[in-house]
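I'd like to ask you about the structure that follows.
The first chain written gets the first letter, and so on, giving A, B and C; residue counts start at 1 in each chain.
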Amino acid sequence: MNMLRAENSRSILTLGLLSGAFILFTGAVGMIAAFHEREVVDDVISLGQLLLLLAPFATGFVVSDRLRASGTGSLLIISSGVAVGLLTALPTVIMLLFNSDEYRFLLDLTLKLIPFVAATYYAWQQYRIGSDQRLIIGSWLAIVVLIGIVSFSFALIFEIKGDLRSVLPNISRDWVEVVTFDHPKELMTGIATLLLVSAGAGAAGSFMVLVPPIPRQALLYGLGVTLLVGAFGETVRLILQENVDRDTLKQIFRRDTLRQDPALMLFIVSTVAGFLWAMFGQQARQGFANLEPSRRRMVNGVGLLIFAGILLMLPWLIGRTLSDVAVTIGIFVLMGLGLNIAIGLAGLLDLGYVTNYAVGAYILAVLTSIGPLGRLDGVFTFWMVIPVALLAAMCAGFVFAVPVLRMRGDYLAIATLGFGEIIGKLAISDWLKPLIGGAQGVQAIPKPVFFGTELRNPEQLYYIVLVASLVTLFVSIRLNNSRTGRQWMAIREDEDVATAMGIDTARAKLLAFTLSAATGGVAGAIFAAKVGTVFPNSFTVFISINVLSLIIVGGIASNPGIVVGAVVLIGLPELLREFSDFRFLMYGALLVIMMIKRPQGFIPSKLVSHEIRAGVNAKAAAAAAN
Amino acid sequence: MFKWRTDDFSWVDFTIDVLRVIIVLGVVIGAWNTLSSGRISLAQWVNLFAAGLSQGSIYALIALGYTLVYGILLMINFAHGEVFMAGAFSTVFLAEALNRTGFLNAQPLLAILLMIAFAGLVSMSVAILLERIAYRPLRGSPRLVPLITAIGASFFLQYTFRGLYGSGFKAYPGVNALQGAIEIGGISIPVVQVFVFCAAIFLMLCLYWLVERTRVGKAMRAVSENKEVARLMGIDIDWVIMFTFGVGGFLAGSAGVINGLFRPQGVNFYMGFIPGIKAFTAAVLGGIGNIPGAMLGGLFLGVIEAIGPNLVLAGLGIPGANQLKDVIAFTMLVLVLIFRPQGILGERLSETKA
Amino acid sequence: MANEKQANGRPKDQGRILEAKGMTKRFSGLVAVDNLDFYIPAGAIASIIGPNGAGKTTFFNCITGFYQIDEGEILFDGARINGKTPDQITRSGISRTFQNIRLFNNMSAIENIMVGQEPHLRSTWIGAILGLPSTRGEDARTEERARELLRFVGLEGKGDMLSKNLSYGDQRRLEIGRALASKPKLILLDEPTAGMNPRETIETTDFIRRLRDEVGITVVLIEHDMRVVMDISEHITVLDYGRKIAEGLPAAIQTNPDVIEAYLGRGAAQASGA
């Protein structure tokens, strides 16, 4: 029984090469080198190296899990992990060879051989299934020419340019340094190190499969916590800074990096904690479920109170820098909740949401600015203008919504995208320059004043965002459970039938657009007050895509999902600056992956939990019937 | 189509009618002002028109990709602009290499052919991968799901190429043979524009031949008529869809090179986004799913974009009218979607099928 | 529109709840409904029958405003309804079901019925945000009535299930319940027994009778099952190629040679004649 089945070896090969392609891709787009800048544990491992290790580790785990399910022995499992690790490193190794001076000829050779090999392989396949001879020769020639054009052209480009770097700037010295684990000079040593480390990570992944569940859970938990704390070292330090004295802090962190001993300690502590949770977590949950409803409600209430307390105290807990991030996240939560009224509740894919954001920001800027463009000499204050911005955004939403009411879903999306682009171009144009400053934008926007105190710090602005978000949340929950919410839902499900039910769909859609715009306007106004200046470059399609992504990743129509989505998608690039260059790469990939694998999002709305509950009820009913 | 009866008065119709009147008035007044002021001579108009046609023929080539895919899958491949960018961005390096060897100016026609083939094949691979990885698992899901996927894929591709080739701007080298101008009746038109137009028309004729005269073309048409029946007839649907994406990709890639000859500057990862939306506009303008429509729509949009700002916006006294070129194009997009979503020549697929 | 005033001013014809004159609908050259004159007697159970492609569903779509007719007029309760939008027509008292069930799949059964009550709801979004007592009261009443209707169509206790998780027969019943929620005077049922087994068919037939007898709604159905049609209809209209070929009582229709020919082909007409 200690033999590999064919499908198992195939899964080792494909998954191993896939993870190898992933590693090569992240290297070629510059992720690995950029992430290397951030040390996870001082002098031990950087984020870039972690990425190099995580891929074989995870793939090794997945492959071994499959092997174990088909009853393979432990030795074979470990060796499959090694194989996966080696396969993961393979594409990178090849690229290293191509990139080196001595072996560059291999690149040329490979590029020139590819068309012939591919064509011959295809022709051989055709020959085996007994195709027509002329067809075989014809397809051989066609493939040689087609692939030949591309690969010979690449060969020419690399030959003339002299090296890979002039075409692919991220196959750089930094990258070589990271993937060879600091052996950039001795290529062979570097390659050997890479293969060794990768194989080790793969083997570790498969070893995890062999560990019994409870210690495994504990180990993974400990590892996860340590690495997360390490990766977000800067954030953690900033939080601790507020509460811990400097000397202790110095012992834990070297600048923003976790030192080795505290990391080890953290690992041990969190592993133990993970172990305890794995042992007793199930019982605790069961105990909670068995509580009387009134007691359970009390526990829930206490939890909610603590959560509210944290929310209220947040700026004092996390300090200035992180409060600033919190305000940015809050602005996006606000926009996410607003756009969700259109997308999630009414099913209207609005890709021009940035329009409302821009309107709100510019209204606030022009009306309150004390600079040359503010004609009103600061007569208006922030608090007076917020309702104006809200109304103006509603008007804008209304005006842009009327023409698109009759459009079907995909056309509506593109038309709103068009509106967004039009607004962007107008904002930067000479035509409106006397009014809103063209490319220079509007400057000198005063901070809000609250009973005589100027709210100049992010800690104070945080509360404005918090209140606005809570109000939006309240409104959207109230609406969702009302007649209006049901109208929207019906339109989302089937617009024709909704009309046949007597719903004035044009009116309901208009309301959705207008209310969603209102929130965008408030978010824009807060943004303008926070930054103090308004530039047209802040209002591009990327804002709309940002908001769309966080809604979809969090879970369409799910309010907690939107908050989590905003924290992850907006917070991550703010906290890990290395990420920010790749944020749209990841948003794009996330949108595609979510649509294919998990269209309901990570924290699905009640719609889905509804379904689960219904399933449980049906089961109970079936059981009762029996 | 003015309805003015109180019992079935629709204020949405009314608003749209008002919008229509405002636009017509704006266009007429703007045009009248410009023409009566005589600021722009006839020769200048002809030049603008010619430039518009060349630009439009590039839009048309990209638009064909939208239309082909829509004709078969009824989906908007929003990432098609990025397919165009992939070809155009990759070929910059080939063009530089060819230029450095001197081949580009020694044998311009051959070199350009090679570049077009290279760009076409690169874009084709991107388009086929896109279909295979992102769209195929989603066939038959609600319409907005593939659209959101396409938006994701669009940004993913942009930033992938930004990562691969860097974020700086690159430029196509100039081709000596395409410098200069042709004199026709006292009006001089740059050679590049003539070349661009002819090349684009040639490629479109090739496509027309492919779709109308070959067996694959017949299969494509069959699949777009009715997938189930086509499957029963023994047509490999997956293969035909992949082929369609490939053809659309090839045209987009070749458009990338042609665009590079026409406007050598500004090659970077973001170069596909705006032309992509404009080409989509062109496709809708001609009637999405309709191949001659996409060609016509592209040319039409190019001309409007070239003439519109000078004729209408300048006439309305708007400063910096040429900055607002894109605004004209996007306004066209919105207007077409509002007033004539079936396009000039009509959607090739009837609504009952969609 | 010269006859418009006339149409609105005409005294209400008590006997006819729905009436069409010269109704024509074309699809790019193809005439789907051709110069059709028909009426539905008030308080009747009426059937529209005809072979496949006879234009029955198009006929329903024209009445409910999904399609705008090209010529002619449609009167409901004496008032012209062609040219109105589907939601206006529903509000005036016609509701319908669909041939291929079209429920709001991701909404629960009770929410489906609550949406069906739209024409009678008055609360606004502002009321919902402020939580006004009137809005809350209306919501409670809406839900209460939805539960009653669920009971009426035999779906008691299934209100919280998503409609897509209901069984086929339950979905058909829910769709009728949703159509009833708007308190219509006239209900159009598009093949209510399609895909049902004989027992379910009989239940549905009884249910349709109850609708008319207990609730007092005029029922028009499109139906393929001739036994159902002959069993419950009091008035039958036969369509073929968009034209009316016969109209009247079931007994008369059953023996009408034109109908038999259209339905079963020439041979059958002769056979039944023989």
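Annotations for the structure displayed:
The definition used in the following text is that a contact is a pair of C-beta atoms (placed from the backbone, for glycine too) under 8 Å apart; a residue touches a chain by one contact, two chains touch by 3 or more.
This is a predicted model, so every value here is computed, not measured.
In this assembly, C is the chain whose CA centroid lies farthest from the centroid of chain B. In terms of C-beta pairs in contact, the better-connected of the chain pairs A-C and A-B is A-B. Note: centroid distance chain A to chain C, computed from Cα atoms, is 49 Å. Per-chain Cα centroids separate chain A from chain B by 31 Å.
Multi-chain contact residues of chain B (touching two or more other chains): none found.
Annotation for chain C: residues touching 2 or more other chains are 85.
Within the complex, the chain B residues that touch chain A are 12, 15-16, 19, 75-76, 78, 93-94, 96-98, 100-101, 114, 117-118, 121-122, 125, 133-134, 137-138, 141, 143-149, 151-160, 162-166, 273-274, 277, 280-281, 284, 318-320, 323-324, 326-327, 330-331, 333-334, 337-338, 341.
Against chain A, in their complex, chain C makes its touches with residues 64, 66, 85-87, 90-91, 95-96, 98, 102, 104-108, 111, 114-116, 118-119, 121, 123-125, 128-129, 131, 135, 138-139, 142, 160-162, 165, 178, 182.
Per the touch definition, chain A reaches chain B in the complex via residues 25, 28-31, 146, 149-150, 153, 156-157, 159-161, 167-170, 347, 349, 351, 402-411, 413-415, 417-419, 421-422, 425-426, 428-431, 506, 541, 545, 548-549, 552, 582, 584-585, 587-592, 595-596, 599.
Against chain C, the residues of chain A that register as touching in their complex are 474-475, 478-479, 481-487, 489-490, 493-494, 496-505, 511, 515, 607, 610-611, 613-615, 617-618.
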